[in-house]
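Given below, in the form of structure tokens, are the structures.
Across the two complexes that follow, subunit A remains constant while its partner is subunit B and subsequently subunit C.
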Partner chain A sequence: MSDALKELIYKIADDQFILGHRNSEWTGFGPMLEEDIAFSSMAQDKIGHSFALYTMLRELGEQDPDTVAFTRNANQFHNCIFVELPNGEYDFSLVRHFLFDTAEALRFEMLLNSSYEPLALLAKKIRGELRYHTIHANTFLKKLGSGTEESISRLQKSLDYSLPYAMGMFEPSPYESELISEGIFGGEEKLREQWTKKLRK
Partner chain B sequence: MNTITSDTVKEWLEEVKDPEIPVLSLIDLGVITQIEIERDVVKIEMTPTFVGCPAMDFMKAEVIESIEKRGRKAEVEINFRDSWSSDKISEKGKIALKKFGLAPPPDSAKVFADLEILENAKCPRCDGTDTELRNPFGPTLCRSIHYCNSCQEAFEQFKPV
Partner chain C sequence: MYGGGTTFEGIKAEKKDDPVKLAEFEARIERGEKIEPTDWMPALYRKQLIRMIEQHAHSEIIGALPEGTWITRAPGFKRKMALMAKVQDEVGHAQLLYSAAETLGKSREEMIDDLINGKSKYSNIFNYPTFTWADCCFISWLVDAGAIVNQLANAKGSYGPYCRALDRICAEESFHLKYGHHCVIYLAAGTEIQRQMFQDALNRWWPPMMHFFGPSDKISVHSDTLMKWKVKMGSNDDMRNQFLDMYVPKIRELGFVIPDPKLNKNEETGRWEYTEPDWEEFKRVINGDGPCNKERLAVRRTAEERGRWVREALRSPKTVYQMPLA
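Moving on, here comes the complex of A and B:
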């Protein structure tokens, strides 16, 4: 069970760690001050969440959080490609933030019932914080999605570009069946279904 | 050495303030989740307001200092067993926040049942509710930015979570 659990925690933590760093690249460059602050704050939240997960990994026998975060080689990271993509224009960053955080909120919702207690406890805490991320994403997507011809076409273009990458968020773990049968996590397939349903709303 | 109880330790910790909101003690903030005394060792459990709170190590060090200067040993553990919610802020703490110019957080369960409450925070200066949410993110992770149409000034709210 320990390998399966570690793989899952690494995956979640690395996604947050990398996207947190991408978000932080908006610090000082946001299209307006409020968005600069928003992306910087979300960066801080994401790095904080990854730190809590790396700390959990240390208790499972892995190295110190800073060592894990900053000294691994590229092929030792478990994140999806989607979170690595360069920020590009603001429209892409916004669409990625929307797609990722919608999935992330659902993922932690599922983890509330995890049989691994530390993960369930952390999920309860993180869930509350993620509400602000999804409120932010939904507000701006609605605003720009009903804005001008330019804002609508930019969002659409970024969405078309993002969707295939976004599927990478749900890549099943090599230990998927074990994670599900042990009650650690409900599984990527179930998460993707919930995510698709949410996006249709 | 005199015998001490967890209430004694609570009194000591009144002097340790949130470094970002210096009017609020850690006790009033609600981040001290357990105090146990074993002989001359004070065992404390703390939990962060936000998981990514950068002030956590600083607060932990101040808690240890406050106990050690009174001749006891301190063991502090940070965990999520009894995780923080803005509802953990004491009534005294909420009054202190308002005086400091920060709108205290409304009941978190109500907020997420009805997001309108987030949109219409109560202005800490004039108590008006004709306000707008400008940004769910602010100068620190635990604050959001609002604008009061009555006094025409921006203000911050301690976020309900």
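Moving on, here comes the complex of A and C:
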């Protein structure tokens, strides 16, 4: 079970770690100061979560968080390509933030019942933060999605561009059936279904 | 003020002010009362305050760039988390300050336009590059230290919204200072390479740090009026002296050498003596010809241009700030 668990934690941690960095690149560069600040908060939360997860891996016999996070080579990372993509313009960053954070909130909601206690505890702990992120994404998407012609068409374009990449968030692990049967995680397939349902709303 | 390099121009009082109202206004300041947005104030007071608060706000967002560039490269989780929070604070300071300036009748959009057009200045020190992590540590510790010296003085000024913004800002700055100091102590206690890294940063940043407080009193424009109105709260040389008093010992205590052989405190006068900073360079840089001016403004301009559609889509008459956040 240890390999399956490690693979899962690496995947979640690396996604958070990389997207956290991307979010931090908006500092000093946002469309308005309020968004610099919001993206920085999310960056801090994501990198903070990744730290908590790398610390968990430490307990499972991996090296310390700094070594794991900052000295691995690119091919040793488990993140999806979606979180790596350059920020581009604000419309793409916002759409990615919306798609990713919606999935992230659902993932941790599932993890609340994880048989691996540290994951369940972390999920409980960061619930509030994640809620704040999805509220931010929903609010901005709504406002810009009903703003000007330009804002509406930009969001649509970014959404079309992002959706195929977003599927990468749900790539099943080689240990998928083990994770599910051990009750560690309900599985990527189930997560994707919930996510799709949520987006339809 | 972030950089005491605030330039005051056109400070001859206009004679149009109602003498009775003016006397009342000056008496209030004399008594230590704060002036609030809806109170009567001389046109010159309003103009100079906008100028000063606006320059301070610009310094915060432009100041986020040289440190911001080290966020993705900061060494390790601990530093990265702290640096992200610190730079975020600086952007928050800009937000507070723009809204304080808006109470005087100039919109944030107009202020940022003036920044991009080069009409309005920001602290000169941010026109220098952060080559290494140690440069970033220099800013977090010593540039923030300089900012605190100015900001604590200005917090005793006469304009209510600015003072209240500064009180909040100073509270956060004291965390920045502690963080920056820790970063430098760590390098000082590190390997020979780490020590040398900070020494090099100190060599690079000392001249702009001396410029930071603005031209020497001998050559800068004095304004008794602005002093009397508690807009300007101390002379540039006084601020510089205070900074040297507080930080030269701390720098030396860590075993670093300040690159000015003449730097010495005259115990009789209580004043620091130093090689006169190159004020020609200061002028040149503030007028646009420094190592990073073009880059800094280009970043700001790009951010504004790319963000325009967002602001337009969000704009509604309800979002205009009238009251300061602080």
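Note that in this section the second predicted complex is superposed on the first by the 201 of 201 C-alpha atoms of A that agree within 3 Å, B and C clash if a C-alpha of one lies under 4 Å from a C-alpha of the other, contacts with A are read in each partner's own complex, and residues count from 1 in each chain.
Definition applied: a contact is a pair of C-beta atoms (placed from the backbone, for glycine too) under 8 Å apart; a residue touches a chain by one contact, two chains touch by 3 or more.
Keep in mind that what you see is a predicted model, and the values were worked out from it rather than measured.
Applying the stated contact rule after C-alpha superposition, one finds that A:Lys125 touches subunit B and leaves subunit C untouched. In the superposition on chain A, A:Ser41 makes contact with both subunit B and subunit C.
In the superposed model, A:Met32 makes contact with subunit C only, not with subunit B. Of the two partner chains placed by superposition, A:Arg58 touches none, neither subunit B nor subunit C. Of the two partner chains placed around the shared chain by superposition, neither subunit B nor subunit C is touched by A:Lys198. When both complexes are overlaid on chain A, the residue A:His136 reaches subunit B alone and has no touch with subunit C. When both complexes are overlaid on chain A, the residue A:Ser151 reaches subunit C alone and has no touch with subunit B. Subunit A is touched at more residues by one of its partners, and among subunit B and subunit C that partner is C. Comparing which residues of subunit A touch subunit B with which touch subunit C, the overlap comprises 34, 37, 40-41, 44, 47-48, 51.
Across the interface of their complex, subunit A is touched by residues 61, 64-65, 68, 71-72, 75-77, 80-81, 84-85, 87-88, 91-92, 94-95, 98, 299, 302-303, 306-314 of subunit C. Every residue of subunit A that touches subunit B in the complex is listed here, in rising order: 34, 37-38, 40-42, 44-49, 51-52, 118, 121-122, 124-126, 128-129, 131-132, 135-136, 139. Against subunit A, in their complex, subunit B makes its touches with residues 50-54, 80-81, 83-85, 108, 112, 115, 118, 134-139, 141, 144-145, 159, 161. For subunit A in complex with subunit C, the touching residues are 21, 24-25, 27-37, 40-41, 43-44, 47-48, 51, 65-66, 69-70, 89-90, 143-144, 147-148, 150-151, 154.
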